[in-house]
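All chains are identified by letter, namely A, B, C and D, in their written order; residue positions are counted from 1 within each chain.
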């Protein structure tokens, strides 16, 4: 029951978040921009289209979209969205989430190299590099949170956060939050690390990997990307602002929980939009500096759990 | 009676070889003679195992387990080396290493010299071991020097003369120190009951009254004897003659020098060690022995690391092992002595085997220099290559070969006896030697086939090589019970417990 | 019964060794005898030792050979049995693989000798794991090193091979020296050499001696395990060995060092001082990170895998370190968790690293090169090999749901729990180690994207790669077995952890598995208060169901709508191998980011014909620096050689000098030695 | 009168000590000596005095077998060996010893120092209860030994090294007769036989070296190194 509900929420909500962010960004840049529902239309269109498979590619190319999609969805089912109890919490906690996303990334990178076009290789190389560098910072932040809860189970983490609403003001939590936020930017491929909108050959990362994809597979990958974004955002907000997480999925609770979720997502989206608008994309070799900052924040978080 | 036979047979052999006209006759004489000596040695060992000690001519000749073991080793080495020599010298004769005069008269006289002197050499060693009288023991040791000097000059090359000279002079000094020690020991034993006249220098007598010996004299005596017989054993810093003599003498002689003669020199040391430790306690002689032993091990390491010449490498390895055995003796105790005796047996096998391999390599490549051999021995002469590699691993104390067992015992005895530093240095030097030896032999044996032609087979030579190699392998996993018993009793003689 | 099974396996190996040496003149027979004996022996040993684990008994056997002065007995306690199982499982697969792998060597190489060394290596490994006293252990240990050496330098015509082999043997011999002293120090304390007499003995010694013995064992075993900084032999020796040997080396031979550490640190030591665990954890992190960082820079497929062995040893050491720290802090359950993580990873690494080396061997045999830059597109010619290699790559990258993930997850949990165990600053080490472990894992993933994509995907980069063929059936079978192993160890984690109960019981007096297994064996938990759970089986099930329900039908539907066309080639006429991204290019970003460590040196020479804007050919070469070798080992070697050369002056040839040595010694002894 | 002296043990002791001192002086003289022929003759003289010492001790201590030792010494070291060597010198026309390694004055000083060492070592053997002969003679013997040894190091010509070796053995002989009134007879015989053979062997070696090297300068024998 919860599974079905959360699954539906994931699949349905993810494109919406993408759309909202795009629109808000456009507005902030005084453009009209596409409608909020544009991503749905894109997906629908892509699913109806046929596709071109590079003749130099192998079965990896065909398998990747599915692996990426399923691993992302599974990760999504392991995090608490509306209720504190994550539907598939038993299958794994935050570590599992990260490693499932890692599995998706692994195959995405392979498929990037599969066609033999040098863009794919370029994208894969950069993607693996950046994610690798993002990893320790993320792990530190998560350790900080998990130490607070004494567990890596997201249910426990959220559960521990419930009730003590102002805990996120503790310096440890703040630092961890900042670190995780930076990592989230890197992971979801947003400015200043990567520009999801560009197809300028030399700067793109994520887009370069999926350059050869078209039609339904492209749709799957885009969808997976937006779901990943939703998952990470939810992870962030529900670990640090567990307001309105409900004990159950039933009755009015669900409505209230979803309301809270949307509100928090909107808030985070606005923050992302502002960040993306005021920043320019970094050169690739500046990115490590950003992640070093994240790592420092993470260690600060740890030290402060130790001090305060 | 056995003892007398043991001494007479080599003399007869020498005479026979001297009178022989043809090469075959000399070879036969030596082969038969040493075969007989070997059998007698086995019989002697059996007798000693049964009776404890054997003595003759009211204790002028005397053999206990220790002497029996050394005799057995000497006899076996002599036998194997003679078998090998037949193939070796025939090869020399054909390859013209003995000077190629038309009549072959020179060659024959050279062969005669070899086949006559070797039995004399063996005789002097056996005599030294079974002589109860320390003075006679000394005289026999002097004879070994004089005889082996001529064996070293066998090839009559400039370098072999040089080596012989150094050997003779250093050896001469050494034995005279030993003589000094001997008579100081005699002085220490004055006025003991039963020490009148001849028997006053008999080891068995002195050993009985060791406690009443004059302490100061024994201190002096042990130092002098240690340096004297240490010179023959090649303990540093008296070792300098060894690399020269070993690299110049004919290979079978070298094999005997580096195993049998080493054992005999150590045998003399052990005899005096027993006297001294019974008189002064084992601490004083022990410290001196440890000093020389560690010095020998330490000195041999750098020379092995940067060595270019194979037989000199082996010589330094012998110096190292002399050091090891000195250390074992210095540590003493039941475990140390057992380690010493086992090591003597195992080292004799492995080292003689190594020298035989060196002989094959030398006769095939006409050089001992690594730079000229340029690797590929395994390809050019598979049997020798494999055996050589095995023997080298064995000599550096690599399991499963047996030297690891004895060295393990020695190090264990050292650490258990509180000589932790000795143990650590032992291991350190051992590693250094292993490194040098492995690098050398690896470069020599492995690698692509060199341009030299494939070696022709020499049944006598390679046969004895193979036999000895199989002994090396077998003894790693199975030591015959009588031999082990003999070793244990010898160790008992040394440690007295 | 158990003992008989085990012993029969040993005997089969022994007989196989002798037999294959005996028939060396008939290559085919020699190959069949050698590999067959290895295979059968492995099965028997597998049966025997797994039986030993589950029966919980520890049978002792007195071997009927050897110098009676010493004691030649083997005892199969749970730890020994566990490592024997690891050995036998890997050895079985490898010997199956060898049937096919060795066939092309027939006539060119002495396969009789190979079978001899191979079987004896397995035999000596089993002895190492089961020896019940220090002497026999050291003998087996050295024989193992010797056999490994013989196998490494099996193709000794190449100088590279010879030198690598010698370096290995020399370092391992030096390590054995340390072990010898360590064991004898223990032995002099206990008066016996039997391991049972060493139990908890080390902790009763004085702190100084305790620490000395610890360091002796740490580095003595560390050499064999390839722990930084005594790892330098490993990346040289593993690539040059025949690939089935490399699989054994990386899979199990270096694990003998791990076994030794487990034996000493958890059996001979009681709760140790805290610094020991801390040191171990630190070494583990260092090894893991350096290992993966240097692996990333490799283009030699096998050397890349070798560096990853160092990385994984580091991960195992993290587990050991944490376990020791927990022990000294008095948390037996956590210690058990960390120990389980380490041992689990040991088994996993044996399986997937073996698999990867076998795969690499197949590739090398097909393309006759170890250089990735000359491979490519092999997934079409060798689909089976590619699949196996992919599974291995996913497993070693620690991605769910395969086995690598489980053990890394357990390690994370142990490190996480560590934070709460103490209030001193040392507790910061746990999360830091955890985050660096995360970095290691992510870099490993990046590295294996390269290691799989460059050889197997896209277009072939050389003729050899273009006309490579799939390898023979036995080789594929051998790899398939290990693939199954990866999957089983991943999905069956909750079942497998029960194996560790006897071990933790023996070492720490705790049976942890009941706490670890949750939800009727569906999920695994760290066994801490309310720790998170993981269910690899569940994840796999999800993928299967989703795949069956959606992926297959949809993919089939869409296939009809799909056309195949050329990949985007930037408008150049046609996509060729020259356009492809190379391994060097792939790792370039990391090379620049970590240039402080690598100190890369690059040379670019362009040849121009027409104008400086159109180079006709560009020669590019870049190399990186290995600081530990450059700043530690090379100076040491040079110093030793310099000293040795100087000491040659002792033997300068002058007899007067020689006499002077004796004279001076005599005078000194007369003056200071004689007088009481 | 004379008889009383001849029977007086003190007198014998004096004589022995005197001759021992003479032997020592000759040994030092050997250190300074450059002419090989003279060297050989000094050696002969030294050996002669040793024989005399042996005879004296035999007379005073009623140790008949020492007469044999004395006789052997006379025969071997005073007659045979010198003749052998002088013929060798003539055949090889070696005339003068080149400069020793350490120059003569310094060598003499060193020789003196070695004598001192001899006394220091012998000191610990001095027991008031015994006749003084023991440690005096032992001191001289050790000094002879050490000085002979030093001469071996100090000389470059093969033949002089051999002579030094023999004079070194003279020291041993002195020790033997004065400490223990000689070894058991058979041992003595063995030793003398050895000395004779050694002398011959070394002589032959020297000859062959001369043949092959065109010189007997042993400091040139430096091919074997390392």
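In the analysis below, a residue touches a chain if its C-beta (ideal position, glycine included) is under 8 Å from a C-beta of that chain, and two chains touch if they have at least 3 such contacts.
Small disclaimer: the values here were computed from a predicted structure and weren't measured.
Novice: Of all chains present, which has the mean Cα position farthest from that of chain D?
Specialist: With centres defined by C-alpha atoms, farthest from chain D sits A.
Novice: State which chain is most central when centres are taken as means of Cα atoms.
Specialist: Central by C-alpha mean position: chain C.
Novice: By the contact definition above, name the pair with the higher C-beta contact count: B-C or C-D.
Specialist: Spelling it out, more C-beta pairs touch across B-C than across the other pair.
Novice: Quick one: chain A and chain D, Cα centre-to-centre, how many Å?
Specialist: Spacing between the chain centres: roughly 101 Å.
Novice: In angstrom, rounded to a whole number, how far apart do the mean CA points of chain B and chain C lie?
Specialist: Distance between chain centres, rounded to whole Å: 44 Å.
Novice: Measure off the straight-line distance from the CA centroid of chain C to the CA centroid of chain D, and report it in whole Å.
Specialist: So the centre of chain C lies 71 Å away from the centre of chain D.
Novice: When the centre of a chain is set as the mean of its C-alpha atoms, what distance in Å lies between chain A and chain B?
Specialist: From the centre of chain A to the centre of chain B is 79 Å.
Novice: Out of chain C, which residues touch more than one other chain, so two or more?
Specialist: Those would be 648, 651, 655, 659, 666, 670, 674-676.
Novice: Considering chain D alone, which of its residues make contact with at least two other chains?
Specialist: Chain D, residues with two or more chain partners: 121, 124, 149, 152, 218, 221, 223-224, 226.
Novice: Going by the contact rule already set, what residues in chain A reach two or more other chains?
Specialist: If we look for residues of chain A contacting two or more partner chains, we find none.
Novice: Of all possible chain pairs, which ones touch?
Specialist: The complete list of chain pairs in contact reads A-C, B-C, B-D, C-D.
Novice: Quick one: which bits of chain C touch chain B in the complex? Just the residue numbers, please.
Specialist: For this pair, the touching residues of chain C are 65-70, 135, 138-143, 146, 153, 156-157, 159, 162, 165-166, 169-170, 173-174, 177, 180-181, 184-185, 187-188, 193, 640-641, 643-645, 647-648, 650-651, 655, 658-659, 661-662, 665-666, 669-670, 673-676.
Novice: Going by the contact rule set out above, which residues of chain B touch chain C in the complex?
Specialist: Contacts found on chain B: 165-166, 169-170, 173-174, 177, 215-216, 219-220, 223, 227, 231, 237-238, 240-241, 243, 288, 299, 301-303, 305-306, 338, 342, 378, 393, 398-400, 402, 404-405, 408-409, 411-412, 415-416, 420, 423-424, 427-428, 430-431, 434-435, 438-439, 442-443, 446-448, 477-479, 484.
Novice: Taking the complex as given, what residues does chain C use to touch chain D?
Specialist: Within the complex, chain C touches chain D at residues 648, 651-656, 659-660, 663, 666-667, 670-671, 674-676.
Novice: Can you list the chain D residues touching chain C in their complex?
Specialist: The touching residues are 101, 117, 120-121, 124, 142, 146, 149-150, 152-154, 156, 218-219, 221-226.
Novice: Under the stated contact criterion, what part of chain C meets chain A in this complex?
Specialist: Residues in contact with chain A: 377, 379-380, 394, 397-400, 405, 409, 412-413, 416, 419-420, 425, 427-428, 431-432, 434-439, 441-443, 445-446, 448-449, 452-454, 456-459, 518-519, 522-523, 528-535, 538-539, 542-543, 546-547, 550-551, 554-555, 558, 561-570, 575, 577, 579-581, 585-590, 592-593.
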